Every structure is written in structure tokens, then in C-alpha cells.
Amino acid sequence: MSGVNLSGIVKAYGALQVVHGIDLNVAEKEFVVLVGPSGCGKSTTLRMIAGLEEITDGDLMIDGRRMNRVAPKDRDVAMVFQNYALYPHLNVAENMAFGLRIRKMPKDQIKTTIDDVAEILGLTPYLDRRPADLSGGQRQRVAMGRAIVRHPKVFLFDEPLSNLDAKLRTQMRAEIKRLHNRLGVTSVYVTHDQVEAMTLADRIVVMNDGRIEQIGTPMELFNNPANTFVAGFLGSPPMNQMKGVLTETGAKIGNTELRLHGAINGHQGRDVIVGVRPEHVTLAESEGTTALPINLDLVEPLGSEALLHAHHGEDNLVFKADTNGDINHLYGVGTVHVPAHLIKLFDAETGRALNLGA
Amino acid sequence: MSDRNSDVGGIPIEEVVVEAQEALRDRSQTRVPDKNWVKVLDHFKREWQIYAMLLPTLIWFVVFLYKPMYGLQIAFKDYSIFRGVAGSPWIGWEHFETLFTNDQFLRAVRNTIYISALNLLFGFPAPIILALMFNEVMHATYKRTAQTIVYLPHFISSVIIAGIVITAFSPSAGIVNTFISWLGFEPIYFLTQPEWFRPIFVGTGIWQEAGFGSIVFLAAIAGVNPSLYESAVVDGANRWQMMWKITIPSILPTILIMLIIRIGNVMEVSFELVILLYQPSTYETADVVNTWVYRQGLQSGQYDLAAAAGLFNAVVAFVLVMTANTLSRRFSRTSLW
Amino acid sequence: MMNWNLYSRGDKIFAIVVSILIGMFTIATLYPFIYIAAVSFSSGFAAQAGKVVLTPINFTLEAYGYILKDPQFWISYRNTFIYTIGGTLMSLAFIIPGAYALSRPQLKGRRFFNLFVAFTMWFNAGLIPFFLNMRDLGLLDSMFGIILAFAVNAFNIILLRNFFEAIPQSFEEAARMDGANDFQVLWKVFVPLSKPAIATITLFCIVSRWNGFFWAMVLLQSEEKIPLQVFLRHTISNLSDDDEFAIVQTAAGFSAETVTAAIIVCSIIPVLIVYPFIQKYFEKGILLGGVKE
């Protein structure tokens, strides 16, 4: 059994439990992203894998070996820190060589390793600069370089892009993805940014309040969120959620009845939450859609698309619409059309997804 | 769900639990958690190095600072060198009774408080005023040079300071009496006259420490939000008004904390300088508790009585410092905003 | 922050007046040093008659000649270097690892140990028990005793501990994942990252060792062990009431005043040489320790 396996991982500080039993299997070479709001336990989980936090209960296996009480240095993992933790008194080459020197790797071998990795990361011209003389993106690369030179079994990333500006973040995101494709090292990546999670992950783990809400590929999570939390967390803007009641043929929201795909045997009258992705509605009626009257509050142009902020009853809603180069026609919108087969239903009490079986 | 696999009569609704969390979580209950002593053993095996680093320092503190505290018991004993600390017989509060009927000791307590009060009155405002003045100097190099010079005396030893004072105030050769005689007065024997000791001592303290003491206040001033001054300029305030309306209120917390600390240290007169400057003819105004302890204990060999005086001094100082600490902590917390 | 050209007339006058007052205080600070230097280069007669004000009168190096010929001056000068260098190294050897350990969250009993250290700042057994303890330890009249017994103080440990605590945790964590143990984390990461704080503490140690007087006077009896400050004190107090000296000096052209001044100059010079280099540190350093206990 290779990769990283967590079963029943618990973290408690005294009586305060912050991670309530995490089960997760990361396959070899897989890129898994832990995502969730701050305080959800994702960083703590990562730090337990790294060995920086003690594991209160449960089992952590790396490459088939139980690691609970193994020192971080002996776990064969490398970590990229949010603030990079580059030593300001060492230059780029020395920073990358730090771990190798401590592990007593021969000097010439260190040099070839550093040179190779610097080449991959495009850091060759900067090897004798101090971190203070580097740009944010270069520092980020050095931090990755420091992890790569060690040839670890697992890479751990703790919000590595959150200190970069938006443009650089997009660029580095792509670079991390390319690097992973090239090196193929098992990676666990923590972020609060759902776009990073969607773009980087083979599988996403959505966490909330110390528990896993859902595990799946980005598209699985996008298309079939397991509950209202995941629905509200992934996608930008997130899925609209409206309170409704199931009827014979659909879901009644206020005075409007949205037609659903399939029948509602025996569940009429049940309170539900109706989820509609902002990008799934259309302005024109077509087959299989229901009209939803809305009161438009605001139009935010984004370029090729615009966000329509509106409300229906007490629910605030956001929709995406194509501008076709002009937003004037959007100000008159009073109705949007919701395709029945893309509507998601959640239990009003538990928030769990209700599946209209196909 | 009972109808999970049913496809009879339309399409069933089933609740899909995407994560089999519950099922998996149950498994962890069956594992035996690590025992406590295993965790403790583990901790020391993993972290022994920091304990090894701490150990020399701890031993040092025990040997050089805590062991003397054990030795303080001689304040309640008839101490003799031959019987040692533990072997000398207890005599209760006798030494303290002696102390509080001893005119010289009581005079030393009074002098300590008196000199501290003078230090507070004149020595405390000096660095604040200096810092406020530095803040008004516009010429950067001038300011920098002046600061460098006024910080310097702090780094000069008391022996040298005393040497300078003795030379400068010497009746025949000293510069001070040279000026006095230019003005047509008789030379003054400053260092042998009791009434001159305190002004010279306090003045020397200000000369030596006012500059260095201003660093704390300059830092506090540097922390004042510049936009306060900018808005004051827009409102038409002049520099004098800004000093009173912005700078001083802004550094008031620092001033108060430093004042509290100062009051906490009332028993700490720099007795090294006193020893270097006083002489029998000025004991009347110059002798403080620690110099008295020094003479009684280290020069006359009355260790037990001197230790009792030292203990008295230390306890009063401790109470003052703790009170000051509590006040300053309470104050610095509430005064932040 | 403020622009001189935008100052009002009143503000300009205010700033100029304040600058002049600062200048006067600065001169008052500096003047005693200049005066002492002038005395040290003056003839004994001129100094005794109180003629020296700003510059040497009847310039002579006799006073320096007198001191530099005294072997005790050189012995105590050497001793001061030994106490300063040995004592500072000893201090750092205790303080750096000690402060590191006290800054580690994983140290069990950390609160207790910190209190154990800090308590000595608030309560002190006093001169007599300390002296008797030194005697019991057999450290009277011992150079090593002086170096060891004043190696550590709570303030310096707490100052450095505070600095270590402010270092982002990730530096230590990164080093640990790279395989470093505590000694390596301290030596290869924390010490280089704490250069300003360590420089400050080194400075405090050097200054207090260079200037150390009272305990050296009390604890050391042998002339070959005394530091410069004690020698200086002996010389000053001996010269002023030594009749024999008064007779010798009349012939030689120096006096108690000029000799005293010359020794002062000799012992200040190293401080003045080092001072500009250390200045940038102590301003920061004093704030590091600051008000925090």
C-alpha cells in the first residue's frame, strides 16, 4: 500500500477536538487538495502528516509504514510553507542545500542535485542571491526547489500561493501542475481557494469544522455536491440555494413551481433546498426549462459575461449571463429559465443531497 | 434505505451518503490509544536536546542566585563563619530589632528614599523632555550626531564617572571651582560637604542617563501615526500645539509605564556610584541601605545583621516591583486603545 | 514626515531654538570628556592651579609616562580584556541555549522555568548571602569565579527568548523537516536569524564586563587579578591622599589630577573605538527587552 493513508485521524488540544476523525487515502502519484474555510482543520491535518503536530488518535501510514510517532525528518516528506520559510541568511543554493547538508550528502552530489533542480525551476541565474533580493514568484520557486531536491515520497503544500498577487498566483498554479505532471510525486495540497483546488487537484477533499464533507474529482464535486456546504463552497459564484417544498411535479419556491427531472413518489410536502448553479440558467426559454421570475438588483459586467444579482422572495440569487459585448439588454431581465435536469435538491434539515435517481 | 434497489413503481428517492464517514470512524474505537507513560517517554526521547540546553542555565541559577536565597536565613541566626549557615543557632527577629533601633540604618533608609525621590523628580522628566526636543530637530545629521553623543555616558563605568566628578569638583584644581573663583566667590569643598552630595549625585545621574533613557520615548514617538500630524497641519496647528496635543498624549502610556517601573525601583539607588563618591563626612546625606550593608557586612564582618538589612531592602523592593508590574500590566492592556 | 519649506515662521523659530538647546545639552555631555582629556595632557602645576578649561596647558605626556611605566596598569588592562572576552563568551554559552530552550513551546514546565528565571529579576538575596556563597564555593580571589558568577542574568535571557519566540514557527519546522535536530536548528537557523538580538546581548555583556567594578573590588584580593576599574579606583583614592606622591610629582611635572585623567582616558579609549560599531544595535536592543518581563 503506497501513498498516504489516514484512518480515524483525530487532533485534540486538551479537551478541544479540532479534527474529528479523518479517513483519506491518497494514491501514489496522486495530487490531492484539501480545501475548506479557515479553521476547518485542513492545515492541522497536513501538519499531522508532516509530523509537525502530534496525532491524537488514528493511524497515519506513508508508503505502508505507520508514521504516528516517527520524527518529521524520517518520514521522507517535504513541505512548502505558506511564508516559504526561506532562510534570509543563506542564498538560493544554500537554502536548497540546507537539508542535503544536514543529511550529510557528499558536496559534489549536492551541487549536481541543486543544479538540476534549479534548471527545472528556472532558478539557475539566481543561485547566489539572497531571498530578500528575489521576487515573490522566485521565492516561491526556491521554496519548491528546497522540497524537490530531497526527492521525497510525498510533497506537502501549505497554502503556498496565498502570498502572491492574483496574476502570479495563476502563473505559479500552472507551474505547480506542470511540475507534478513531470515529477509524479504524491502531493497533498492545502488551500482555502476553491479555484486552486479545482485547477490543481486529481481529487479534492472538502473539509469543514474538522470533518470531511466530500471527496471526489473536481467535476464530481462540481456536478454532484454531497451537501449544501460543498455546493456553497465550490464554484464562483457558488450555487444558489432556495428554500422550497416538493410537490407532485416539482419544487415550489414561493409562488413559483420549478419543474423537476423525474417524479417525486411519496415525498410530496417535504422541505428541501433547491440548488441552481449561476451558469446553468438561461435568459431564453428552451425545452425542459421552467421560468423563474426575479427582481434584478445589480448587473456586474465581467467582460464576456456579467453577473446578475437578483432576489426571489427572500432568497438572494446570482446568475451568470453572456454579454455579447453589451450589457444594456441585461437590465431588463425579469425572468430566468432553469433547466430541470440541472437542478439539485438537498434535504432542508440535514443539507444532504437528495438524488433523483435516473 | 429500504427501497435502495427497488425500481418498481417509478424512480425512488434515496439519500445518498457520499462519505461513509460513520462506518469508518467506528474503526478507530477499537484501537488501543498510546499509554500516557509511553507519551512522556516518547517526549523526552524526542526532545531531550532542549532539556540538555536548559540544564546548564538552570544549574547556574540554582548555584548563584537561589542558593544565596537559602543563605538569607542568617538574617534570623547568630551566624558564625565556623558553624556555617545551617549550623548557626536561630535567634528570631533580634537582628531586625537591632536594625530598627539603629540610627545609622534608619538614616540609610531615609536617604535611599530621599535620593530616589530626587531622581524621580528631576531624573525622570529629563529623558522625556530630551526625546520631545529631539523630535523637533529637523536636520538629520545634526540630530544623529547629538544622539550619538548623549547616549555615550551610559557606557562609561561608574569608576570613571566618579573620577571625572572628583576631578571636576576638586577644590583647587577642578573646573567647577575655577568658574566659581572667576565669578569672585570662595571655592567650595563640594565632595566633603553633606549638602552638596545629593545635587551632585542626582545631577551626575541625569548627565549619564538622560540621553540613553530618551531612546524608549523616541521609539514611542516614532510609533505615532504620521497622519495625525498631517491632519493637524491641515487644521492649522503649529509644532508647539502638535507636541502638546498629539505627541505627548500619544506617548503617555509609555511615560506612565516607565514611571511605574521607576517607582518600583525606589530601593535601587546605584550604590556603586555612592561608594565611589561618598566619604565619612558626607554619610549623613549619602549613606543608602546597600552602602550601609556593604560597610557593616563586607567591611566590618557583621554578616548576619547586614544580611537582615539586605533582606529588608529586598522584600520592600520585591513588593514595590510586583505592585508596579501588576499596575503596568493592567495599564498597558487597557491603555492600548 | 514634515517638510521644512512648508514650516510656518513660528515653527521655524521653534525648531531652531530647540536645536540650539539640544546642541547645548550635547556640549554639556561632551565637555567633561574634553576637560579630562585636556587635564591629562597638561602639566601638573597647571592642573593643580585649576588653569585647564578646554585645551591642555603646558602640553606634556608626563602623566601618561607615569602610568604606562606602572606594570600594574598593564596587568589590570590585560585582566580587563580577559574578564571581558572570557565573561562575554561564557555568557553567550549559557544564554543562547538557555533562551532557546525557554522559547520552545514543547518544553514541559515552560511556564515554571520562565518564572524561575524571571523571579531573580524581582527578588535578590543581596550582597551578603551572595558573598558568603562565593566564599563557600571557593571562588574568592578567583578570575574564573568572576567570569562564571556573573555570566547569566535574567534580563538578557528573557530578551533573547522574546526574540526567539518572535521568529516564525515555519523556520524551525522547515529545518526540522530537512532533518535538523535542536542543536542544528539553534545553530544554523536561530542564531543567524537573531544576529541583532545576539549582538545586543553581546554588547550588554561587554559593557558590563568592561565596566564591572564593585564585585571585582570585593571578591579579588590579589593585585595580579584586579581589572582596570579597580586599579583606577585604587589609583584615584591613593593619589589624592599620598604625601609621598606629592613630593615625587613636584619634580616630575604631573599631579594626581593629571594621572587620574590619563588613566580615565586610557580606559575610555577602547569604549570609544567600539562605540560607533555597536551603536546601531543598542537602540533596537533596548526596545527588544523593553517593558516586557
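Think of it as A, B and C in the order they're written, each chain with its own count starting at 1.
Heads up, the rule we're going with is that a residue touches a chain if its C-beta (ideal position, glycine included) is under 8 Å from a C-beta of that chain, and two chains touch if they have at least 3 such contacts.
Computed from a predicted structure; not experimentally measured.
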Out of every possible chain pairing, name the one holding the most C-beta contact pairs. B-C
Select the chain at the greatest separation from chain C, using centres from the mean of Cα atoms. A
Would you kindly tell me how far, in whole Å, the mean C-alpha position of chain B lies from that of chain A? 51
Per the C-alpha centroid definition, the whole-Å distance linking chain B and chain C comes out as 17
I'd like the Å distance between the centres of chain A and chain C, where a centre is the mean of that chain's Cα atoms. 57
For chain A, which residues are shared contacts with two or more other chains? 71
Going by the contact rule at the top, pick out the chain A residues touching chain C in the complex. 50-52, 71-73, 77-79, 81-83, 85, 87-90, 98-99, 102-103, 146, 150
Can you check the complex and tell me which residues of chain B touch chain C? 43, 47, 49-51, 53-54, 56-58, 60-61, 63-69, 71-72, 74, 84-85, 130, 133-134, 136-139, 142-143, 145-146, 148-153, 155-160, 162-164, 166-168, 170, 172-175, 177-178, 181, 207, 211-212, 215-216, 219, 226, 229, 233, 238-240, 257-258, 261, 272, 275-276, 290, 293-294, 297-298, 303, 306-307, 310-311, 313-314, 317-318, 321-322, 325, 328, 332
Where on chain C does chain A make contact in their complex? 168, 170-171, 173-180, 184, 188-189, 192-193, 195
Using the touch rule from the top, collect the residues of chain C that touch chain B in their complex. 1-2, 4, 6-8, 10-11, 14-15, 18-19, 21-23, 25-26, 28-30, 32-33, 35-36, 39, 47-53, 93-95, 97-98, 100-102, 104, 106-108, 113, 116-117, 120, 122-133, 136-137, 148-149, 151-152, 157, 181-183, 186, 207, 210-214, 218, 229-230, 232-233, 236, 240, 255, 257, 260-261, 263-264, 267-268, 271, 275-276, 279, 282-283, 286-287, 290-291, 293
